[in-house]
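Both complexes below contain chain A, partnered by chain B and then by chain C.
Let's turn to the complex of A and B:
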């Protein structure tokens, strides 16, 4: 392998169409370009990502994103050494568009095709941004996912626990919808919560009374709905203060659950005696300041380094796919033209399936 | 003298995976496999087999032709995305060919192109008819009887059924879909084309949330 390598990454597993070019020089990775075309405007009216709408947008945008990523990196396609693409888990229509575009590019250029697990992309991002050494603890919290993992190598993960129903990002979106706040719900609920009293409403901390690291967020959303309906029944509407208090109470509950379960995961992680103990977060929910602050506190309580990649690499992007693809390529793990797109693809095959994980869209 | 242009056409818009390679005016290799699922895993190897049967390399291609539907949404996107990736990678044009044009290719006279669609409906478009119809998706039993005109034939996967409904003749398609796609793409690729895009004829199934947001009292 030459000392300078360029990897093209492609990502289309949810509602962002993304392409990126990664340059690896003497083993050090840098992001030359990372193009992310969001679709939130297309889904806004529906209060959530509509799979068919997402699939339609990906199919007509993916090659344009690749062109843009190459242009921003100022590289012709001929300078790309390998093509990495998200092959799952995710909304299958979108994943298929990415995989087929990548196959077309790989067939045309004769470059290796590398199918990447989207969750591995997130989980390996702290290596791209901070050069974290294995093993580290990863909390992946996004609109579609929520898991606590020990990352042992680029393809060895131990899942300590995860959500058995909704992902936290989903809960934020649903809460926003219940309260008439704009989508995506994460930023709008967080902004609203600033003016709220987190103690006025006591929302449940689901599964905190059970051992282990599994979490549940769907009951929390129902609790918000009940509290809202009770206020509406009393005064035929919500005041902005009511709304702020509901948001603050909801956010406090999510923060508590993530903090509490992360503390348990840290104990299990520290039991394997890592040389340089570190915890990293990834996923869009990691952008929430209250959640992030809660996790930082826990990390420092346990004397473990805390890392959160910059937001643009925390949310869905293709640079992480290119990076994870490079790690796979280093291990000679390449795919052929029969590479399949997979709606589900757990990182840890040995861990029991999360209860209820078969019922919804982009779960693992 | 330039050599004959070489065009690779393919289609996965229905329960098949199909490819045809056109060199000049002759089809030099073709594949058509009936397939309910698995087109995404099969398509590229099928294309490679088609090329190698004719001793043609990817780099020899002058253009790509791809079926854009209407048909199975996922199937159409599989081929359209692959075509866009190939076109970008090879630096050659990809030409989208809809399946109305494909079925009408070589049609004898006025024709109503009819492709099977879900739940007793068909995708319809006129070709050389007095009346300008579609493209549209409609229930076969609601197709107006006065669409029948002298010499009309119905062509396509739903052709027999629509022909029976209208009391006109049914004519089988002249070419397999991938062959027609390749032949039509060969007539268009030298003129700048929009990038291939699926032809859906139906909006995505999605409904806005039913629950109205709560009234915010301070705003009133």
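Let's turn to the complex of A and C:
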């Protein structure tokens, strides 16, 4: 391998289509370009991610994204040394669009094709941005995901726990929906919570009294609903203050659960005696200031370095796919034209599934 | 016309999970279950319990709110778990491929009012009502199909239980 290597990354597993070019110079990675074409305009009309619609849009946009990423990196396709693409998990139509595009480019250029797990892309991002050493603790928290992982190598992840029902991002969305706040719920609930009293409503902290790192957020939204209905029954409506207090109480509960479970995960992580202990948080929910502050406090209590990649590399993007692809390539893990798109692809196959129904009281 | 058939009161999430597993055991490809009820009524809990009861190796069953559809391969056949809350128009049901899935897979559909005229006559309706923090009442009903025969064991079980 030459001392300068260029990797093209392609990502299309959810509602964004993305392409990026990564330069590796003497083992150090830098992002030359990272193009993310959101489909939010398209989805606004539909109010969410509609899989088949997303697939069509990905297929239409993906070539343009690759072209734009190459143009911004000021490189011709012939200078690309390998092509990394998200092969799952995600909406199958979208993932397929990316995989087909990558296969076409690999066939045309004769360069290696590398299939990447989307979640591994997120989990390895702190190495791209901060050069974290293995093993580090990772909290991945977004609209569709919530898990605590020890990242041991580019393809070895130990899942310590995760949500057994809704992801926190979804809980924010549903709370916003219940309170008549705009979507996405994350920013609107956070803004509303600023003027609220987090102590007025005591919402449950599900599974906090149980050992382990599993979390549950589904009961929380039900509790918000109850509290809202109770106020409405008492005074035939919600005041602005009521709504702010509900948001503040909800956000405090989510923060507490994430903080408490992360503390437990840190204990398990520190038991493996990492040389340079560090925790990284990624995913859109990491942008919430209250949650972030809570996690920073825990990290400093345990004397562990805290890092959160910049938001543009924290949410879905293709630079992380290019980076994860590079690590796989380093380990000689290359795919061929049989690379398949996988709708489900857990990072840690050894961890038992989070069987919600088997955990009594998860909803109470 | 959809007629109410019978109601089951479930005192806890665990009882809901047991009922879901029992109903899961009665299903075959082409069956459509419409899960109706407000946010927090237990629709996803029921669906998750049913899907996991049919899996050889238990797997995570995340909420489909974010992705709209999650699919699972089980011993009973493919199961589609979908949440139509975010849809605004009947035509989007086709975009999801749900119309086709309703013919060949087992479909568990939350917020099925979005189906409109595409609601299958043979679908089993399950209405979830909240009785208390942990207790739910489920009302089963249908317009057509052999649910009467297939759910007979459930009624007996209930009488004995």
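Just so it is clear, the second predicted complex is superposed on the first by the 347 of 364 C-alpha atoms of A that agree within 3 Å, B and C clash if a C-alpha of one lies under 4 Å from a C-alpha of the other, contacts with A are read in each partner's own complex, and residues count from 1 in each chain.
In the analysis below, a contact is a pair of C-beta atoms (placed from the backbone, for glycine too) under 8 Å apart; a residue touches a chain by one contact, two chains touch by 3 or more.
Everything quoted here is computed from the prediction, not taken from an experiment.
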item	value
Touching partner for A:63 - first (chain B), second (chain C), both, neither	first
Which superposed partner A:264 touches (first chain B, second chain C, both, neither)	neither
First (chain B), second (chain C), both or neither touched by A:91	second
Which superposed partner A:292 touches (first chain B, second chain C, both, neither)	neither
Touched partner set for A:200, first chain B, second chain C, both or neither	neither
Touched partner set for A:340, first chain B, second chain C, both or neither	first
Which superposed partner A:143 touches (first chain B, second chain C, both, neither)	second
Doubly contacted residues of chain A, that is, touched by chain B and again by chain C	45-47, 50, 52-53, 177-178
Chain A contact footprint on chain B (complex, rising order)	40-45, 47-48, 58, 73-74, 77-90, 195, 197-198, 200, 204-209, 211, 213-220
Footprint of chain C on chain A - complex, ascending	14, 45-53, 91, 143-144, 162-163, 165-167, 169-170, 173-174, 177-178, 218, 221-222, 225-226, 343-344, 346, 352-358, 360-364
Complex contact set, residues of chain C against chain A	13-14, 17, 20, 38-40, 42, 44-45, 48-49, 52-53, 57-63, 65-69, 71, 85-88, 92, 95-97, 133-134
Complex contact set, residues of chain A against chain B	45-47, 50, 52-53, 55-56, 58-60, 62-63, 66-67, 77, 92-93, 96-109, 177-180, 228, 232, 235-241, 243, 337-341
